[in-house]
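Taking it in order: structure first as structure tokens, then the write-up.
Labels A, B, C, D, E and F are assigned to the chains in the order they are written; within every chain, residues are numbered from 1.
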Amino acid sequence: MIAEGFELMVVGMGVVFSFLVMLVILMRVSGALLNKLPEPETAPARVGGNGQTSQTEQPQTAKVAVAVAAAYRKRHGA
Amino acid sequence: MHKYRYTMRMKWLACLSLAALAFVLMPMDLFASELSAETAVEEKSKVESLWQSTGLKGFIERGQPVVDADGVETPGQHGILKLVMILVGLLLIYLGIAKKFEPLLLIPIGFGGILANIPNAGIAEPGGFLYAFYSSGIGDVPIFPLLIFLGVGAMTDFGPLLANPKTALLGAAAQFGIFTTLIGALWLTDTFDSINFSIQDASAIGIIGGADGPTAIFLAGKLAPDLLGAIAVAAYSYMALVPIIQPPIMRLLTTKAEREIEMKQLRPVRQIEKIVFPLSVLLLCALLLPSATPLVGMLMLGNLFKECGVVDRLSKTAANELINIVTIMLGLAVGSKLQADKFLSTETLGIIVLGLIAFSIGTASGVLMAKLMNKLAKTDGGKINPLIGSAGVSAVPMAARVSNKVGLEANSHNYLLMHAMGPNVAGVIGSAVAAGVLLALTGGG
Amino acid sequence: MIAEGFELMVVGMGVVFSFLVMLVILMRVSGALLNKLPEPETAPARVGGNGQTSQTEQPQTAKVAVAVAAAYRKRHGA
Amino acid sequence: MHKYRYTMRMKWLACLSLAALAFVLMPMDLFASELSAETAVEEKSKVESLWQSTGLKGFIERGQPVVDADGVETPGQHGILKLVMILVGLLLIYLGIAKKFEPLLLIPIGFGGILANIPNAGIAEPGGFLYAFYSSGIGDVPIFPLLIFLGVGAMTDFGPLLANPKTALLGAAAQFGIFTTLIGALWLTDTFDSINFSIQDASAIGIIGGADGPTAIFLAGKLAPDLLGAIAVAAYSYMALVPIIQPPIMRLLTTKAEREIEMKQLRPVRQIEKIVFPLSVLLLCALLLPSATPLVGMLMLGNLFKECGVVDRLSKTAANELINIVTIMLGLAVGSKLQADKFLSTETLGIIVLGLIAFSIGTASGVLMAKLMNKLAKTDGGKINPLIGSAGVSAVPMAARVSNKVGLEANSHNYLLMHAMGPNVAGVIGSAVAAGVLLALTGGG
Amino acid sequence: MHKYRYTMRMKWLACLSLAALAFVLMPMDLFASELSAETAVEEKSKVESLWQSTGLKGFIERGQPVVDADGVETPGQHGILKLVMILVGLLLIYLGIAKKFEPLLLIPIGFGGILANIPNAGIAEPGGFLYAFYSSGIGDVPIFPLLIFLGVGAMTDFGPLLANPKTALLGAAAQFGIFTTLIGALWLTDTFDSINFSIQDASAIGIIGGADGPTAIFLAGKLAPDLLGAIAVAAYSYMALVPIIQPPIMRLLTTKAEREIEMKQLRPVRQIEKIVFPLSVLLLCALLLPSATPLVGMLMLGNLFKECGVVDRLSKTAANELINIVTIMLGLAVGSKLQADKFLSTETLGIIVLGLIAFSIGTASGVLMAKLMNKLAKTDGGKINPLIGSAGVSAVPMAARVSNKVGLEANSHNYLLMHAMGPNVAGVIGSAVAAGVLLALTGGG
Amino acid sequence: MIAEGFELMVVGMGVVFSFLVMLVILMRVSGALLNKLPEPETAPARVGGNGQTSQTEQPQTAKVAVAVAAAYRKRHGA
């Protein structure tokens, strides 16, 4: 059974190394390609992390706020 | 110089990669012979069996042929189709991230679709975890869509509807898209040999026109589980596309004068009305249409939590943590139904076309109903802007925002958002009721 | 089968409309009745939404605070 | 003028409603004949089958007659009883919202009760989602009450008990209500022909006197599932009524002098004592009463999370999101046991009466035990105010607040709240132990 | 004086305790005779049956003898072993609280271990709630470890790896500990009669060397459920002991000059790279090793949630409430596998020894790989500090902190933390891949 | 059956009292023993409750902060 263990070791470490070597290549290639893209303008200050509000929501929240403000103006004016 | 070093490194890595592969392939000779000598039976070597289990092999070969009861053998599906479905999954994720198409749902659905199509992994087969999510949350009992509805209820303000009840009729009219699409699906079945929708399938497809994700998943899970993936994807995609689909139809069916109609300020609604409302809706539903009570009931329970003011901790949990957890699991479970053999068929094409028709007819019906109500109105003061009719399809709050936006184009002081929220939330109730009717009439058989 | 589809459409739209028409009536009737009730005094500023603390808790929290304050006074006095 | 317009609108709506109904009823003639002609078999028309499935019909007709093994036919239950149960559900919701009676539980229970009694919906039958909640969270394994106990543990401060350990005896004495009620239930069985409680039923009813919801649900789920609805409703209702039930009994059994007794300030308790406590309780329970270890164990695990100071994220989640999610599901699951055929019986009346007796005797026992301890006390300094005895029934923290309030009436500088928290939390342990005894002695058969 | 009063009270309490016990024992005579007279069959009295069910009795007696298929009777396990396991549980809780050894896991595991070993409670047997947690979350489908991985993904920043991709090779090398330990386990089986590990057991033991809790639980749940308790305890314990195990090995294998190597500042990584990364890893895994896709997929889904920026509410829930809830349940479920008959065996000793070897070899391999890479590097600028090699074992973020700490000892201006995070997160992927290989090669049979 | 009920009451209350009396003894004994331990210095202000950050995290967070600070210094200096 120890023979089988050695076989598992050889195949296993081979796969682990193959996988991570290919991952290294993938990271290098995609990094090189992606860094050729122009800098996005919409999210300049984004550093990563979860701290900010969803970007989807903001413009529409703004619109809602404008609509609500208008509604209030109208009611208090009338 | 930098470039040179970079090339050197790439070469070095390529060498390492080859070495690693050699390291893997080496024992094929070393051990395979040894083992076969040892055991004298044909035992596959580790490397051979590992190769058999790779996705690469799964993508380039046909699956096992299927033999049916009559002994007729159908060749297995080609693995490349799974790769196509993985690309579909990536597309959904791309639309979610880059185009902000319902990202909360399309990202988990797309990811689930990728996982479900990985060859030899069996993630969406019995024993796999996506299968477990699907069967325990949608298939056996539709707990996931119901819990989503609970959270939606805890986030929804029915105040605009209570302030102007008659806008509920717009939410009724917009469900017309559901039933025309149903007929469309049956017509496709009669017309094309490659399309075969049962009456249950047609009902589940029609519900795409309800523009409500949980309702569509609830009904499809009960009536047409095999089509659930395509139906859910179509429903969420078109909900995301509402700002593109609706405006031309709205402009076509209305005159500029109609689009400029200003609606009078909504009256304030008292808390007691908001508390009585969910209970009234539940009781009405219990009297008329019991099959819709799971959906309507959970929506109204969430809303009761929100409005009653004494269980805020339940209301907040339902509208945040619980709905988030269930959204992740629901998305993955729906994704598990994007398996190539189910999804890549003429029927899916039919569903996508029909879904678009459903949304368009729903939008038009809502607008036309508003115009009809204006015709029947006695006074000018009670007139409604027909642009809010399109919000009756549901797709909360996107459709109401579209009404507001098109209204602002015609009259830059005319904020329709709050007025459009009335038909919008009525549309949610309307499509749940439509789902209940379809379930009651086609689900029993 | 298309005939059955038409039948489903007629019945289905009928039920959807009946349901929502009855809901409109229900909203009007209950709105008319409920607005005859006197304004509640206990929650005058309530606008809707989830933002406030549970009303159940407040008076009792106050009592607890008084009790804790008394306990501290006692200890530090003794 | 406004009134006139309002009347006009109502008329218009009534017309529309009639038109819509006509729209529904129309095809009965149109299609029913056509279909029967087509198929030549008696096929129910869509409208007919929809009518069969409405709640309205379910409320006004009897259910299917039940034929037992001997061929004796019992007429089906009349549908109106379901309507009565829906009113009971509305009453529970009303009590939760308007009277603030344990709203976190009574609102979901009441809502679940409504859903469970909707005819032809089968929400609480196998295949329905309330049934799934009940069976997976209470019926098969009582995971919901145990997770509630985990959260309760993470919210409970045993400091006041540790500072004055002997008050634990008050928490023991107050469990006397459990066992007298048990005997009362057996006496009712012997006396009235229409009441038939087994020894298991009587045990589950008695536990109402423990004044602890999760414990009552845990035990009733194991010993008397059919009575679970009534037992849970009684337990939570009387817990909410503690400020009304207890004060008269407390005043009756104590003199003004006793009520004025001031207790000395509690000593501060060190963190290490608070960490060792939950583990000690668990080990004691493991040694003496293994059947109580699920309940006591989860309570103590939650408390260990809270006190150990190194797993605050688990402690906060257990005391907030997790307990909220489980509360919603537990409430709905309990509500599924409010089905008319189970709930509307003489036995429920018996349970309600017995529950009140249980609370009263528990309160009295706690107060009397405090007086006995004062009799036995050597010095005056160690005397306890007998008003804190009533807090031994549990009903945390309501019962302790009642002790404080009645104490303040007698002596406006006498804050008993912290002193009453000792017996109050001891009462939770006491009733879990009592549940363990009942389970060990009557659950095996 | 104070002492005197204290002693008096203790005496009073002892009297009360004796009285209470007398109260319990009394009915043994009173009722036992009466009942046996009544029923004329040998019925155990309540007290007798309660005594039979106590934990005390369970601890001092042997369990039921086991009769196997051949009729050979094995004497039951002595109850004292359960007491030993309860002490083991307390030890784990002590290590969690006092020594801060992975308290989030070791406290629930230890508590679950106590619950699982309470005699006559059956909490970890079919019907018990720990059994339900185990079977529904780990045994049938490994949902708990996968959801933990989702949360881990939502908390992990792969930026340092993307900034310096070649450090991924360190995360590959450190998995060498897994496979040497596997061989070690097989060698123990060949050498000692009392140790019998199948190839599946050996694989599950080896994965301890992956230094990743969810991966170890995932694999052990599939390949060696009986050893799961010991494997999980060993994995989390050694992960907590990383600051003690690793530094001597790191110092032994490196020169002071090597430890002083300063690494150049990591380049900033763009969001688009961070979004593409999880999808790339998933696709690579789908191509090469489908059996690893559940683990790798959920890790990458969580990471995609975190990085894509449009589903923050899912990302936060996955990284907070969801992972907390699942951690509690996972810990208890793992604890249910600490039953005395499974845990107290020579095999557990073997697992503990092998786990330590696994960690040590993994650490050494990582450091040596870093030295090898330095040998092969063309320029000095690209040299890496071999201390970050040890971080390749995973144990995020403890191992990276250890690299940083040992580095600061050699060069007090050399902050390696961010550099070590690269191999550290690569190690998580590496051990998931290793688990996939082991599952693919030994799981099928 | 009422006889069985009385038996249950006697045994039940006996067990409840035994349990809680033993718990009282346990609390007194452990309280006496534990209060002989020296006061811990690391957590002097701990009162109970959940409000504070995990103590485990703090020192290591500090370390991370130092490392990050150093990294920034290095980048901006270079």
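Details
Note that a residue touches a chain if its C-beta (ideal position, glycine included) is under 8 Å from a C-beta of that chain, and two chains touch if they have at least 3 such contacts.
Keep in mind that this is a model prediction, so the values were computed, not measured.
Here the chain-to-chain distance from chain C to chain F, counted in touching steps, is 2.
Counting only chains that touch, the fewest steps needed to get from chain E to chain F is 1.
At the chain B-chain E interface, residue numbers used by both copies make up under half of all numbers present, so the two copies contact each other through mostly different positions. Interface comparison, A-B versus B-C: the higher number of contacting C-beta pairs is recorded for B-C.
Centre-to-centre separation of chain B and chain D, using mean CA positions: 38 Å. Chain C and chain E, compared by their mean Cα positions, are separated by 46 Å. Each of residues 9, 13, 16, 46, 50, 100, 103, 166, 169, 288-289, 309-311, 313, 316, 321, 437, 441 in chain D touches at least two other chains. Annotation for chain F: residues 8, 11, 13, 15, 17-18, 21-22, 24, 28, 55-56 touch two or more other chains. Pairwise chain contacts present here: A-B, A-E, B-C, B-D, B-E, C-D, D-E, D-F, E-F [touch as defined]. On the chain C side of its complex with chain B, the touching residues are 1-2, 4-6, 8-9, 11-13, 15-24, 26-28, 30-31, 34-35, 37, 40, 43, 46, 48, 50, 52-56.
Partner chain C is touched in their complex by these residues of chain D: 6, 9-10, 13-14, 16-17, 20-21, 23-24, 26-27, 31, 34, 45-47, 50, 100, 103, 265, 401, 404-405, 413, 415, 417-418.
The touching residues of chain D, when paired with chain E in their complex, are 140-143, 146, 150, 166, 169, 275, 279, 282-283, 286-291, 293-294, 297, 301, 304-305, 308-311, 313-314, 316-318, 321-322, 376, 378-379, 437, 440-441, 444.
Against chain E, in their complex, chain F makes its touches with residues 3, 7-8, 10-11, 13-15, 17-18, 21-22, 24-25, 28, 32, 55-56, 60, 63-64, 66-68, 70-71, 74-75, 78.
Within the complex formed with chain A, the chain E residues making contact are 157, 159, 161-162, 165-166, 168-169, 171-173, 175-176, 178-180, 182-183, 186-187, 189-190, 199, 202-203, 270-274, 276-277, 280-281, 284-285, 288-289, 306-307, 309-313, 315-316, 319, 426, 429-430, 433-434, 437-438, 441-442.
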